[in-house]
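Going in written order, the chains are labelled A, B, C and D, and every chain counts its residues from 1.
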């Protein structure tokens, strides 16, 4: 889109208020940890200089959800679908890595459409914002950079204003309000500088660049798996915190006499001992194989299936690993 | 669009005792399926597990199930007239179309005969489309051989070679592993092989066949993995960017060899 | 000469394992032995060498019923030893926890352990078959109390939020309001329960004895105060000069005397020492003609029922004025010191005493209510059984059990340490 | 079916927690008769179908009692940490499994009511009930709590078997490891990580020995040797 607009910082609240009239708004809030929550009042929002601790994933794929409930009746069972009606969502304040992760999650969850995910995800409007300065663990630049390919609106702080990039028709409709002003070429220049500076900072810290679809398959028997297998705790935190990990377990729970119950799904982790266990064998009994599986699933298998890396470089797994396993170090060794 | 996670209610119409630990359940309504496909069967309150369809049609389907754990034990305790939940059919099925005009070798071990029974029934119906057909089937003991009641019928259309690990009273057939019998099919020239059984069996049988000159891309195996959703989302059955539930469970050996993860793993097929 | 011996191998419906032997000669009591034969436990030795922040966690496991009291006594002793400041707000929150766990314990005792005796059923399970409404009500009360304790403590049995100087989690206004709402909700049932337990037909036996409880001059304190007898008041730190412990050969629990006399602690002692029941409780007591101080042993039960009303009122008052609690980093001024805490557990006075060196426990002494009551229980039994010694065995048995249960003895507490008896070969 | 709740030496917190099932007990009574429960019953009988045993045997009498319970029960359940793995009692005491066969364990100090319900359901409807093979950490992360280990507390979550729904960390207190470890737990690595984080050997040994789980002894020995 060729016209650029900007919005005065003082008017942002009005804009959000306006959005809340027609949509449910999700934005970052900071309690003990930072995460996206449903906003009742714009003053709850806490625009952080970088990514939140919890990603966007739980909005679309909650840690635990009911699939259906059932009840035993005279002649069989009655099933009640737990699929909810959809809400019109706007996600405000998402950072580049999180928006990029949605695209990956969409691929995995919608190849065969997952109705629960789809109903939450459909028609979600994304208003992203450029990171002010990155965290120590950020390395989104390894996968292309801070600005994702797809968004509806993208904000960048340029002083008293936010510069607004328009990424879609829906985004365009949103900026048709008088709250927005036309942006000058200088504004755009300032925006570009801002992004470049932040990206450079990450590049300097992360020191990792991946080529598109780099082949790492020959590292399957590398010594690294043994080293990592020894220290990994198999606690599963890296999987759960990752915005693109989407595996889940399915469990049946019932009342005391088994006459009614429900089926739920709960996030699962490929690091857990029982993840690949069948009635005959446990295919990844060894911790080394489990550690490798996660890395390969993100950087080799995903490329095979979808032609992309299933990692956005948010660095959450780095921050959350007790054993200090740093996915950047792992990658550096694999691409060497 | 219907929700693929919601099972439809089905009724157990008949239960046939096959062996001391395996029963065939006939359930209604049936569904149209390809031989080699499976369903996710729910015993409400206990859980869900994948089972190959071992026979049937739109009116009713058969599932032959060995009691090993939570769901299967409960199922074995159920009676005619009780209800279960079914999702499916899922999976790709055997490439029957490739068999036309060629020899067909069917290799099964234990419960592995279940997903191959629809193939055998298809062969019996379409015998003229194929050249030589041989079934090699092994079990631990003669009493554990599945579908014995059908053998006479099947013999009319194919050569059946049986073997057991431990013979019992009155057993006149072969004793030993399935691999031993594979050596007897040397005369096959242009054969397609369908195989399903315990991982070790599949591993050694494939080796033997390849040594005999069978082409690895004509050797199809049905793999077993942990499955939670059956539709390629939950991630449990994934190997090397493949979903065994959706892209399989049937794979040609050369493809399977590419994606089976090697060191530190219990292999499944070849290591 | 007619001799008889009444033995109860395992007294049921009390917390822990205890037995009773009564020997009667010519309608005169020769010997009463209230023996505690629970396995040997070594808490005081066990906690030697442990870090101070584990002491509340560990001592909580002395007793599954009065664990809240143990945790709070323990944390207070630690704070006393290390000079940690505690804000009024934290004290109030701890009081709220103490009160809800107190009421819970009283309800458990009154309805499930004591009441069956007076209704003539074997257990609350049998009672449930007869009067399901009553049992449901009791469960509702217990549930409500556990809920309140867990709001602040994380869970009702062995809470997991108490830290030196405060709590590990934020306690929001919402949580406090929930506490208040729940307490208001059950308050009418507490009144109703009090009416029930004030109207039962209790053994009439009276015996003059010494009573000991905390006193702060204002109300009936649970959390802190001086230790008071009918004759003296002293600071908790001086407990050693007044309370002496000794062992007897038929029990694994210690016995205590105060200034050389046996004494009673618990609900009745608290009211006897302090008077000062709050309005609604006082009105109830008057209505049923119960006067304090009283020497009627079985009135421990009505005293508990009245305490429930009294403390519920106190909790509501506290909760109404409480602000949100935000956890903050607590400074620990020193790592060495000696600390004593005396608090009121549901069954009576509880003392924790530690010496901490380099952050680790070097010495510990814990005196539990049941250890304090044990001697008094025996003397009361002796006195009461003498009066009814000519009755048949079954009656004596029942009455003796009623008296023992009235004290609500907590055997787990009393045997938290083993001083005598041989080490089991299985250990 | 009949159940009994037996207590050996312990704080009886698990009995209390059993009563804390409150009104659910009344539901349970629709399926089970409670034949033995000394804390609340005067008439107590054996045999029972399911025996819940809390505590550890601390003397000959209690061992004899335990053997009698085993002889007179179909299913014996170790109720709570003491019984299942050792608990905070005398470090010398041995869990119930040392003396008799244990069919199921309900871990925790006290056990988790949700797990007990799950267990009772499994008995009523004849469903499998097994030990979880993952950590409290997993449950903690599912709840999206902030991590206390990251904040500098000594948390046992990564090696402790799940089932309490990460109760302590969710309340802002590091996991004490009351439930014992799971089979796949990487004990040694956890100890090393704690050392790296700056906890002293002594502190770590203290934490690992708090509930005297036998399965942690090896790491404790290893730590001592370091």
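Please note the rule applied: contacts are C-beta pairs under 8 Å (C-beta built on N, C-alpha and C of every residue); 3 or more make two chains touch, one makes a residue touch a chain.
Just so we're clear, the structure is a prediction, and the values are computed from it rather than from any experiment.
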Legend entry - Higher-contact pair (C-beta pairs counted), A-B versus A-D: A-B
Legend entry - Taking each chain's C-alpha mean as its centre, the one farthest from chain D: B
Legend entry - Whole-Å separation of chain centres (CA-atom averages), chain A against chain B: 39
Inset, instruction - Indicate the whole-number Å distance between the mean C-alpha point of chain A and the mean C-alpha point of chain C. - result: 53
Inset, instruction - Could you give the separation in Å between the centres of chain A and chain D, each centre being the mean of its C-alpha atoms? - result: 37
Legend entry - Euclidean distance of C-alpha centroids - chain B vs chain C, Å: 66
Inset, instruction - Please set out, as single numbers or ranges, the residues of chain A touching at least two other chains. - result: 254, 258
Legend entry - Residue list for chain C, restricted to those that touch at least two other chains: none
Inset, instruction - Would you please write down the residue numbers of chain B that are in contact with two or more other chains? - result: 45-46, 69
Inset, instruction - Determine which chains touch and list them pairwise. - result: A-B, A-D, B-D, C-D
Inset, instruction - Show which residues of chain C lie in contact with chain D when the two form their complex. - result: 10, 12-17, 37-42, 46, 50-51, 54, 57-58, 60-65, 67, 108, 112-113, 116, 122-125, 128, 132, 135-136, 139-140, 142-143, 146, 154-158, 160-161, 163, 167-170, 327, 412, 424-427
Legend entry - Residues of chain D touching chain B in the complex: 125-128
Legend entry - Complex interface listing, chain B residues touching chain A: 1, 3-7, 9, 11, 42, 44-48, 68-69, 83, 85, 198-199, 224-226, 228-229, 231-236, 238-242, 246, 261-266, 268
Inset, instruction - State the interface residues of chain A toward chain D in the complex, per the touch definition above. - result: 32-33, 35, 53-54, 58, 63-64, 230-237, 240-241, 253-258, 266-267, 269, 272-274, 287, 319-320, 322-324
Legend entry - Touching residues (chain side chain B, partner chain D) in the complex: 45-46, 69-70, 73-74, 77
